[in-house]
Amino acid sequence: MSVKENWEPKILAFCCNWCTYTGADLAGLNRMKYPENVHVIRVPCSSRVNPQFIIRAFQKGCDGVMVCGCHPGDCHYATGNYYTRRRFMLMKRLLEHNGIDPNRFVCRWISGAEAAKFRDVVTQVSNQIKAMGPNEKFREPYYLEKEAE
Amino acid sequence: MSRVGVFVCHCGTNIAQTVDVERVAEAAKSFPGVVYSSTYKYMCSEPGQAMIKETIEKENLDRIVICSCTPRMHEVTFRKMLKGTKINPYQLEIANIREQCSWVHTDKEKATEKAINLARMSVAKVLLNEPLHTSSIPITKRALVIGGGIAGIQAALDIADAGHEVVLVEKESSIGGKMAMLDKTFPTLDCSACISTPKMVDVSQHPNITLMTSSEIESVGGYVGNFDVTIRQKAKYVNHDICTGCGLCETKCPTKVISEFNQGLAKRPAIGKMYAQAVPAKPVIDPNACRKLIDGKCGLCAKLCPLGCINFEDEDKLVTEKFGAIVVATGYQLIEWGELYPEYGGGKYKDVITGLQFERLVNASGPSEGHILRPSDNTEPKTIVIIKCVGSRDPKKGKSYCSRACCMYGAKHAHQILDKIPGAKVVTFYIDVRTPGKNYEEFYDNTRHDGAIYVRGRVSKIYEEDGKLICLGEDSLLARKVAVKADMVVLETAMVPAVGIRELAGMLGIAVDNHGWVTEAHPKLRPVETQTGGVFLCGVCQGPKDIPDTVAQAGAAASKVIGLLNKDSMETSPMISKVDESKCAGCGFCVKMCPYKAITLEDIDVRQGPKTVKKTVAKINGGLCQGCGACNVACRTGCIELLGFKNNQILEEVDSLCL
Amino acid sequence: MINEIKNACLKAFESGEVGYIIGWQATRFADKTTPLFMRSAEDVEKLVWNKYCVNSTAKYALEDKYPEKKIGIILRGCDSRAVARMISDKQLKRENLYLIGVVCDGKEDPICATCSHKTPVIYDVLIGQPTTEEISPERFAEVEKIAAMTPDERYNYWAVQYDKCIRCYACRNVCPACNCVECYADQYRTGWQGKAHNRAENQVYGLTRAYHVGDRCIECGQCERVCPMNLPIMSQTRKMLKDINDLFGPTECGLTIEEAPVLGEYDLNDREEFM
Amino acid sequence: MMKYSFFPGCSMGSTAKCYRLSLEYVCRQIGMDLYEIDGWNCCGATSAHVMNEVMGLALPALSLAKAEKNFPHLDIATGCAACYSRLKTAAHHCKNDAGVRYQVEKTIGMPYEAKREVLNFMDIFGTEEAMTAMQEKIRRPLKGLKVACYYGCLNVRPAAITGAPDRENPMTMENIISLSGADCIDWSFKTECCGGAHQNDATTETRPLVDVIIRNAVANGAQCIVTACPLCNMNLEMRQKEYERIFGTPRIPVFAFTELIAIAMGAHWNEIALDAHYTDASKIIAEAIRAGKEADVK
Amino acid sequence: MSNRTMASLMRRAKVDPMDCYQCGKCAAGCPMANSMDLNSRQIMHCTQLGEAAYNKLISSEAIWLCTGCNVCHERCPHDVDIPSVIEQARYDAIEKGKIRRKSKIFNDIFLTNLKLTGKSQEAFLALIYNMVSLDIFQDMNSVPHMLRHKLVSVLPEFIKNPKEVSNTMEKSKEWGKAEK
């Protein structure tokens, strides 16, 4: 499939309410700029993010997915992100085993103060994915057809 | 069919200048379930809110989406607004089109596209929102303070002064803790007993404080506002209701054992008070030392006691009480340095003592009545070496952390030696001198002017030759080895958590770090709270600190407790997890993952064919659940759902972005 | 050996504690056996023990969670790990089971080549001499083969496989780690799993199942054995296992009845890749 | 079963004559079999590992590989702390680092799997079996002899290689010596370095090391020092006359620990060459034997 | 620069120089500290500072005076394997030809002797060393005692197959510097 002119990827970021979502808000407060193709879904804690959500996102047509939470040790719920870390270390490898490019699925710890890091990370991810083009893997034929129109 | 209203905020020009709000509102009309959409200059303003409320009535909406600033800003505002309407406050979603859209983008076309996407995601989610209701839990207006050191004493007094009942539990037979052992306190050199004993007496006389000495926590149940705590009151063998504390038993007891309070430097009888100023000022019998209790012989104290207080048949008692809040103030002990440091003699040299032993030696009420004498031969030492960081800053043998108080009490020890022994020589080996505190650096400075010699280097070995303790160190500023022939060596050893803290933490559902220090809820912003609601901490149990910091922290913990107990009841967030028992397989994966111990496995009766069987399912304690959702992911079936962030809600959000 | 097993069964019936015993019986095909439910001593004659006993006897007990008498199960090494798995997952109670362990000699199934536990790990009686066991160097060969491919090659490899999948869920039904009351894939209200039959949905199922059982997989290979379309299902779960081995230390699942899956644990010193 | 491959080391054949004779005597008495490694070679201490890392591992590995080939089921015993350290280091690295093992095997031209343990005689005689056997053979207890047991560095350190449980105050040798009836004093220089590695090339610098060790032993009442290493033994004893002149160091006989056991077992002086000591040892030994006999009569 | 030194040491000596916080416990226990131009604590400091300081270290006498007794490592609160650092520093020094004179003489004699006979011969070693290093009278007063009690033999002894040893020694050198 040829990359359409002005193609914009769809990037989904699951962000925990207490650190990364706050960091993203802070980026706004500081009027930092980053690409428009990043969409944040707010969850209470990164440990709320079920790895199945990631598969779902790719299936439904996301070109990149991010999971972000508090740095280890800073979890608002004390231990949530330690489980997140294990889950996604394994899930990332499983996705790669099934052919997903590692750059399409990114996990980062971003604290409530790290607005600049949020900006840099999403910008970098967005640029990477833009360079790679749309994700076709795991996508439902319906969406592929729709875009081909 | 749901009727969703979408309200798009201009936020003055904050949103409107980068996002075409009209287009967003227009686009929203086509989303499934949306029956109404409009824009307004300031949604959060009075007229904005009135407009929304009016529309809800007029359009018969049953849920709304507001496209505005971050939900962290006005979610609470809009929920409050909905309270008076027919819509449940939780039938609301906010699309963050300011902080995460208009403020971070410049291309109006693309920003508008994104705002539409965000609105669509929120609409998709709100369609699955359920009405939720906050519940309130009553608060028992009593506090439990665990640990009767200066931290626990201060916290108990502060809470009691605010008019709340306090139970202070101490495992030893007297309160006072480590501070009662000390001679003087830096940097002011106040007599430790003179400032701590009045507080101890206050505790014993305070009408709101119940003192339980020789007691330990047996089990903890319940949750914030409603803890059920079982306390084991160990047998004292002396009836404290009658005892006048005359001390006759103490003087006549024929059995003498090593005194823990005097750090092994003196002996004590098997019956007696922990020390002269003990509170309560009444004796107890040590069952591990008393000959009557060990082999039935003796019983002299019982014969002598004029009031017949002695009861050898006394037994441990378990009492269960209800509390609204708990303060952990279990303090510390010194590291067992002997086995760790064979190079310092491993404990075989009597004149190599710890800082706490030195405190007893120099204390006027101590075994040598305040004269600094060598434990081996009771002579006055002339050359004394002080070694700092024994067990601290030593990840290999001891602890990686700095024990914080040693630099200062080391300086105090040097000062006291120079003060009490004319012509004495003090050599302090240090790695760094850390004196961050008011008047601390000045105190250290004075000590050096008094004549204390500071040598930068860690001692490698202590050995005895010709009756002298030879300390081999390096003067690292000269890069030369030095050997100091000392008469006595004082090791300023590391603080470690009190024994049993891990078990206690397990009972309370709070976390401890690798060393056993209790973990605070947030190191900067919630320093005296733990991750479990209603459990607070103060003093060294959280990490090494000195007396001023401990007392300050105790006051802080007390104010948190008072704040909690001043309420009659507490609202709990309805956004907690819920188990679908019909699907739950009872595997228990979620139980371990809950940081708040909110999940337990319980057997419920279910019909299976003709018979009723016990089925194990997970149960969630709404008082404990904080709504993190970790359990949701642990559940492979997906039968635990975090209300407000249910699986299908998040999946819908994902799906709707991709449309 | 068969006589010893039969004797053990007879003894079990004699004791009166055991309601029925699950084993294998012959079929009209010489190279096939089928599960046998022995309800009394008379049935014991039907029992067979040969290289075609490839069915797992373990999972049937899940259908009878509240038995009146103990359920007897004749176990090979892999079946014992399956039972251990289900006890760890609190789906079976050890006291409801009477386990006749048999040291396995390898069956007519390719998975047996990489078997690391021919001797049952739990049992009430053991028949046969315990053998020394070693983890096969071939354990992760398939995974490593895929690891050597480029991402696109990997995707294409799996695309071919999942295009075949008919989503019959036989792999799930036979798997001892798939012991939920209601599988996520059968739920319609949450919408985890679309019902359409296409490559994407098949892949979602394949990955989700791998993630669900990956940290508890006992490597019995029943999923691949029952798959009518010959999908290399084990290579997904073994990928998970290999990563668990690499990241959290040597791991084999289903060796004890009190096992904590790695995804339910954490360690402060876990590797940090998020940054 | 007390059977070991035996790596004698270079000193055993020359300067450590007393050690070797007494060791052989004790082994004969308690039925311990030592099988000398056929074609053993010098471990390279103290120069090889200083000059070349691979050489420092390959030289000891060469002997170990031969031991593994000749006596695949026997652990390897050695009496010298330096040999022990080099052999054990080589075995440790070959066992735990596949890269090192590859290098070493290529260098020595034969396979070496590091399957067997390297042990020193202190540990071997410290086992319960050997202790019981020795206890039975003691016929002439040494009474009142005050002994300072000196372990040196390489018998106990580095901990990761030797696995010694206590590196500051080990007690194995004390336990063995107390079988002989002698009293072991508590002192502080058991595991201090005597500087033996630089006996030749840094004589001036290492002199004070010996001085402080001997002084502390004497200050704590020792009449003699026992060692479990020929190099330590020689270094502590050989230059005592010189130290006496330079530092005023007291003179004190230095034995191998097997010597005292052999004497207590009734070995004749000539059998173990007791007169070969640099500092006269006959007087204190004779006194201890006499005291032992007296105590026995009583 | 400093990173290269440190990275190299981390790889070869398996020591992170930054683990050391200069408490001096190593030097305090070191038997040779007072004879060294850089004591063990200073040695670690040199490894922390970078190339120039490291060059100073490999030109020092200290690395040749270390007896390898491991007391420093044993007592180090951060478990820094200082002997391993010194060992690697010596290999670097050898590569740059910076060997302490007496150590070079001694080690050369020792290894030559080893190559020829497969065994170390204390008497010859000492004798030749004393002559070459001009410390002619060192230990002379022990000689009569040694000869009288046959503690040293007059003729050199050989092991069974000295060729194996010399081969091993030659091959060792082929691996070059201890880079793995």
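Per-chain residue numbering starts at 1, and chain names A, B, C, D and E are given in the order in which the chains are listed.
By our rule, contacts are C-beta pairs under 8 Å (C-beta built on N, C-alpha and C of every residue); 3 or more make two chains touch, one makes a residue touch a chain.
As the structure is a prediction and not an experimental result, all values here were calculated from the model.
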Connectivity without chain B (remaining chains kept where they are): A, C | D, E
item	value
Topological distance between chain A and chain D, in contact steps	2
Two chains joined by the most C-beta pairs in contact, as defined above	D-E
Most widely separated chain from chain E, with each centre as the mean of CA atoms	C
Chain whose Cα mean lies nearest the overall Cα mean	B
Chain centre separation in whole Å, for chain E relative to chain D (CA means)	22
Euclidean distance of C-alpha centroids - chain B vs chain E, Å	52
Between chain C and chain D, centroid-to-centroid distance (C-alpha), Å	57
Residues of chain B engaged with two or more neighbouring chains	343, 461, 593, 634, 647, 651
Where chain A touches two or more other chains, by residue	51, 56, 79, 83, 87
Residues of chain D touching at least two other chains	167-168
Contacting chain pairs - touch in the sense defined above	A-B, A-C, B-C, B-D, B-E, D-E
Residues on chain E engaged by chain D in the complex (per definition of touch)	31-32, 34-35, 64-65, 67-71, 73-74, 81, 83, 87, 90-91, 94, 102-103, 105-107, 110-111, 114, 118-123, 125-126, 129-130, 133, 135, 138-139, 141-142, 145-146, 149-153, 157, 159-162, 164-165, 167-169, 171-173, 175, 178, 180
Touching residues (chain side chain D, partner chain E) in the complex	10-11, 13-15, 17, 38-42, 44, 46-55, 58-59, 62, 99-100, 103, 106-109, 153-154, 157-159, 167-168, 191-193, 195-198, 200-206, 208-209, 238-239, 241-242, 273, 275-276, 278
Contacting residues of chain C [partner chain B, same complex]	65-66, 89-91, 179-184, 187, 189-192, 212, 260-261, 263-265, 268
Residues of chain B touching chain D in the complex	342-343, 346, 348, 461, 463-466
Sites on chain B touched by chain A in the complex	70-72, 96, 98-101, 103-107, 110-111, 113-114, 117-118, 121, 511, 519, 521, 531, 575, 593, 595, 626-630, 632-634, 642, 645, 647, 650-651, 653-655, 657-658
